[in-house]
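The two complexes that follow have chain A in common; it is paired with chain B in the first and with chain C in the second.
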Partner chain A sequence: MSETPSSNDPGQAGFCRVNTVARLEVPAGESLLEWLRDTADCVDVRKGCDTGHCGACAVLVDGVPVKSCSVLAQEAGARDVHTLAGLSLLDQPATQAVLAAAEQRQPFQCGYCMPAFMLAAIALLQDTPDPTDAQIRDAFAGLLCRCTGYLPIVDMVGLAARLLRGASPGGEGRTA
Partner chain B sequence: MNYAGMPGWLRRACSGRVFTEDIYPEGCLHAAFVRSPHAHARIAGIRTPVEGMDGVVAVWTADDLPGHPRPIPCIIPLLNRDRSSRADPPRTLLARGKVRHHGEAVAMVVARSARIAQAAARRVEVVYEPLPQVTQADLALQPGAPRVWEDIPGNLCFDWETGDEAAVDAALQAAASVVEASIVNNRVVASPLETRSAIGWADPDTGQRILVTPSQGAHWTRDVIARDVLGWDPATLEVITPRVGGSFGMKIFIYPEQVLVLLAAQALGHAVKWVGSRTEAFLSDTHGRDHHTRVRLALDAAGNFLAIRTDTDANLGAFLSNYGPFNPTMCSTPVLPGAYRFGAMYSRVRGALTNTVPLDSYRGAGRPEANYVLERVIDIAALELNLDRAALRRRNLLAPEDLPYTTATGVRLTGGLFADNLERALRSIDYAGFPARRDESRAGNKLRGLGIANYLETNGGMALARLTQPDGISRESARICFHRDGRLRADVGTQSSGQGHRSSYAKILADYLHYDASAISVHQGRTDRLGQGMGTGGSKSLLSGSTALLQVADAVIQKAREWAAQAWRMPLEQVRWEAGRLRGGERCFSLRELAIMAVADLPEGTPHPFETEVCAAITEGTFANGCHACEIEIDPDTGVVDILAYVSVNDFGVIVSEDKVRSQVMGGSAQGIGQALLEDCRFDADSGRLLTTDFGRYHLPQAASIPDMDIVLNQGSAGANRLGIKGCGESGASAAPPAVMNAIQDALSTALGKRASAIQMPATPPAIWALLHAEGSGA
Partner chain C sequence: MIDKPLNWHRPAALEDAQALLSRFPDAVPMGGGQHLIPRWRQSGTPATVVSLGLVPAMRHIERHGRVLRLGAAVTLNELAASAAVGDGIPALSSLAGKMGDRLMRNRATIGGALCTTSQAGCLPAAMLGTRAVVHTTARDIAAHDWFQPRGPGGPTLEKGELIVGVSLRIPDAASHQCLRLIPGRFALLTVFATRAEHEFGVGISGLSASAFRAFAAEAWLAGGAAAGSTGLDRVFEEHPGQSDIQAHGAYREAQARRLLKKAAEALLA
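After this line comes the complex of A and B, so read on.
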């Protein structure tokens, strides 16, 4: 997440930067999920279970996928939080590759879990641009999809990885 | 409803692009429910000290609900073996006098925020006097079991039969072999990731009532709630179904919360919203399956199937959901003989009332249960009689020369690639090479098994229509209208919850009308846009939706011809629709060009002269069929099952959208794998409380546990409809459980011999380990 503006400013501990632009005061006692949906208007963050098992509420906190139902909003103080809607504004190769692959493959059905899987895929490809099938499935541990049987989503990440390598000068340039 | 005059939140709902929970009406109030912590208890008193609490607007119990609502009906008529009618316990919106399952709603609190409503609901004091409870069907039917309803003896809601008992019993007597087994179709929770939710509103200016809610058909939801429960003219209620986050049958049905937010909205003059939590979903969504079946299969000395008999105890829950009794009976037994030659069949089903949330259709609705019983008893027969499983199936499957064939249950099969599906699956899984692979696994201290399972589906909603429609005919509605720039808008009465119907419909219309697909928009979930609609269920949407859309497209072409004949001053018969163009004399136009011309001189707002709505009859159902095969390995030290290979061969007729069909097979198979290996609904034996109330205790398959799938679309047998299609959405849920469980039996048989057939779903690691290490197992 090196492209993301840093917000590690100790004076900003009680504030959280959401989707690059908004810097909002975080309250005490609310989960990050509740705060993102109810106050920060991030309705692309989904509430699937509230117990940390389905992962539909995943967001990126300083680039790392986090289940927002299971952390307090205050824990995101002085950090960058990204939801899928905000990430798509960024010109990052992994993000662009995942968005392009999703557009091409249309791997989701109902789409309720979509933001979480997209964020997990982006985070995976940032660190591991050439993941194995097992690494992709591992990156989805703790995320539930009830519609697709996961296979189209795993396939989409494979395509995104190929697009990423083809697109970035440092990649292997291997194409599908 | 006038779209331009709608509040913004309602326009968002009508867009179909957002989930109900993401819609926030201005000034919206929020509902929360007080739910019973007991499976069975008398309500001795309810105190609602929250009425003066800051932010609390209203509290209702069953005794003070406005509007005298009637119980939510079960719409399935059913006659017992003695020709009397089934019992009909009333499903009231809130519990009155007694609670009959853990999670039953007792009171509703409405407040200015969801959090206040939930906090207030926790402070409502209900005095319960717990009563003895029963949650299992077989126990509920035993003499002396606690009674769920005082006036329903033995908790027996119905005792139903079909088939020829005398012929079957004679065949069982005379058979060379009779194979008997007890088969459990375990109770599962549909668990779409979007929970149920609802927003009620009554427009203060017009009096129009609105319900925004995820459903599988807005029209049916409107009709049952308005006509049957509230006694309203259905025209006074519009139901809008926005985007739906998965449904799997469970969201077909009418639930108390949908009616209660409407009543509250009407009484309070504000929109009222409820979004269920995951725990509420486990406690109040209809559950699926939960059938316990004793099956007997009669074979002659050569291995020909003679007859099959099933005796099933089906759990219905504490009251009947809308289709409840349909799933284990008329929706299930027609496919019990599968695509095999059987001389006779007989099924008896006892429907038991228990202290659990009601059960109803879950992906397949009785057909997966029947396919499971049949395909399991075939493998148990092969194990007991030392027969080859593939050869046993091959011997009894219908061959092309047998068609058309009327099965022992009266299903008339006119086409189907039954035998070919099996052979392709066997080749793809390398059935012949399996013994060598089994030996390899054995050398690594692993138990390897291969399972095969055929499946047969009945799709089209025909059985349901016979029971519930006045003339017994399945129908669907569609409307086509045109914007001034020629863009085409289609409305259809089916309801997608992720299947992608809209793009398939757009493709069908684009091909048929020679229209640019990007100029076609397809809409659903709007009672204000379309008079009727049957909704989605039973893998019928592409069939019923396309039938309606093609019929309305024909009507539009006819109107376009009539308009052109008048405009061009020529007889109608000289205006022809040929190769996607309307031609008359030297003139030749596309439908879109004509649609633009037809309104060029008309004032803005005039209905388009080609606009048409039809209600089409669906005259023929479809019979999807196929064969799944899988290979698994069991670690005997842990009981963990690893699926190594998975093959799915399917006869879905003509394919419209291949990616979407494959995705349906993968998703349905993943649910079937979940039912076979993981999904386990458990109740506390002492209290009857549901123990599995979150995803930490009720496990769904994750990405790592679903194998890659070799999916074959075996075309060559068209469905009996204009496109030649067959239903596909539920097939995976029918085929995967027996394929996986047959593979597990096969693997266990190397250690346990014939006792391996005792394995039941869900075959969790502890269950497998316990069977392997039971006294005398020799493992």
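After this line comes the complex of A and C, so read on.
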């Protein structure tokens, strides 16, 4: 039995597509976080601890959530990078379900961690359209909410999953 | 922040990676960078980095009979999702899927976990418990030799030597027991125990300065892990619990004893 996990072509390593709109040249010697905020004008990517602990800087690289402070910008070469602002423009069912659930539940307080939690929720629902509470919490492990308002965020994902399945948005929602 | 421009390379073949390391003797090889990049912010950025994530010779997950071969650049989430790993050593699959957090696991690699005992402290115990062999570009090293002589500073590789992968013995039964710190979910203590016919393997990480193969615990298991046996005491005589800011040594020993008993129950049931 043999498996080879997929990997990208390094041929276009110097360029990266951000939010589907452009291929931008990635520089040497910057973290993906710094490059996205300072050069690609993606200020919806938050700078948090800068040590890989809080997860506020999460982005999707080829659809996979990563902490952009712990990724070199060059590592995003030949890959698709999505931030929440870019994803919100796409007509993807999981994205639209999470946006609708967030609008309905209003689960965030100060909002600093919001892009990271939303991206992690979208990535989870794309792989697991009907997640359990344990799966939601596992997807959010490594993301810190400075207001500690985790329960409404978990609840929001439950609602998004129901919306994604076409079920009634009411039902068994929790309140914190 | 990264403090200066990097001379960054992403070779597409193992030979290219070795050539780069010969050309730039001070180059730092990097897997997913989850340990290195935050550390560079404190200690300074190296002049040259060789990123190994796309080297095909380091990306394999293969089963050959009772041996599982894993490439050094396989990420922890790929390890957790692998059918070959899940069929061969379900406890390893479960362990890999619980290390750190999902975002970190999407980048962190087996090779990186072998080179650090910090956040990825579970994997060394699994390597020791399965009597793994670490393959480098120059030699094969038994996991017991790889981890035992060193502390948390990292293994001693020669200049230009790279970890290519690791081979694990597939046991008849395996048990992964872990004590996690909340918040953070990082493992304070990990016990990974295996049984292959009448042979046992036990790896422990988090008890002392480096992960180690617990020969005394293996003998205790082979003797039936009888209640009241003093066999377990020898583990802590040889490897006393280390006290630090996270836990007192006596607490680590008590918890390790509890985890070892749970592993014994699972393996001897």
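As a convention for this text, the second predicted complex is superposed on the first by the 154 of 176 C-alpha atoms of A that agree within 3 Å, B and C clash if a C-alpha of one lies under 4 Å from a C-alpha of the other, contacts with A are read in each partner's own complex, and residues count from 1 in each chain.
The rule is simple: a contact is a pair of C-beta atoms (placed from the backbone, for glycine too) under 8 Å apart; a residue touches a chain by one contact, two chains touch by 3 or more.
As the structure is a prediction and not an experimental result, all values here were calculated from the model.
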- prompt: Touch check for A:K67: first (chain B), second (chain C), both, or neither?
  reply: second
Message: Going by the contact rule set out at the top, does A:G142 touch chain B (first), chain C (second), both, or neither?
response: both
- prompt: So, does A:V154 touch the first partner chain B, the second partner chain C, both, or neither?
  reply: first
Message: Per the contact definition in the header, classify A:T51: touching chain B only (first), chain C only (second), both, or neither.
response: both
Task: Could you look at A:V43 and tell me whether it touches chain B, chain C, both or neither (first, second, both, neither)?
output: first
- request: Scan A:C113 for contacts with chain B and chain C and give back first, second, both or neither.
  value: first
- request: Would you check which partner chain A:G29 touches, where first means chain B only, second means chain C only, and both and neither mean what they say?
  value: second
- prompt: Shared contact residues on chain A for chain B and chain C?
  reply: 50-51, 53, 138, 141-144
Complex interface listing, chain A residues touching chain B: 43, 46-51, 53-54, 56, 105-113, 134, 136-138, 140-154
Message: Applying the document's contact rule, which stretches of chain B touch chain A when the two form their complex?
response: 18-19, 21-22, 191-195, 243-246, 248, 275, 277-278, 497-500, 659, 662-663, 666-671, 694-696, 700-704, 706, 708-709, 732
- line: So, in the complex, the side of chain A touching chain C is made of residues 1-5, 7-8, 10, 13, 27-31, 34, 50-53, 55, 58, 64-67, 69-72, 74-75, 77, 120, 138-139, 141-144
Message: Quick check on the complex: what are the chain C residues that touch chain A?
response: 1-2, 4-8, 10, 12, 33-34, 37-38, 41, 45, 49, 51, 53-54, 56, 59-63, 74-75, 78, 82-84, 87, 100-104, 106-107, 183-185
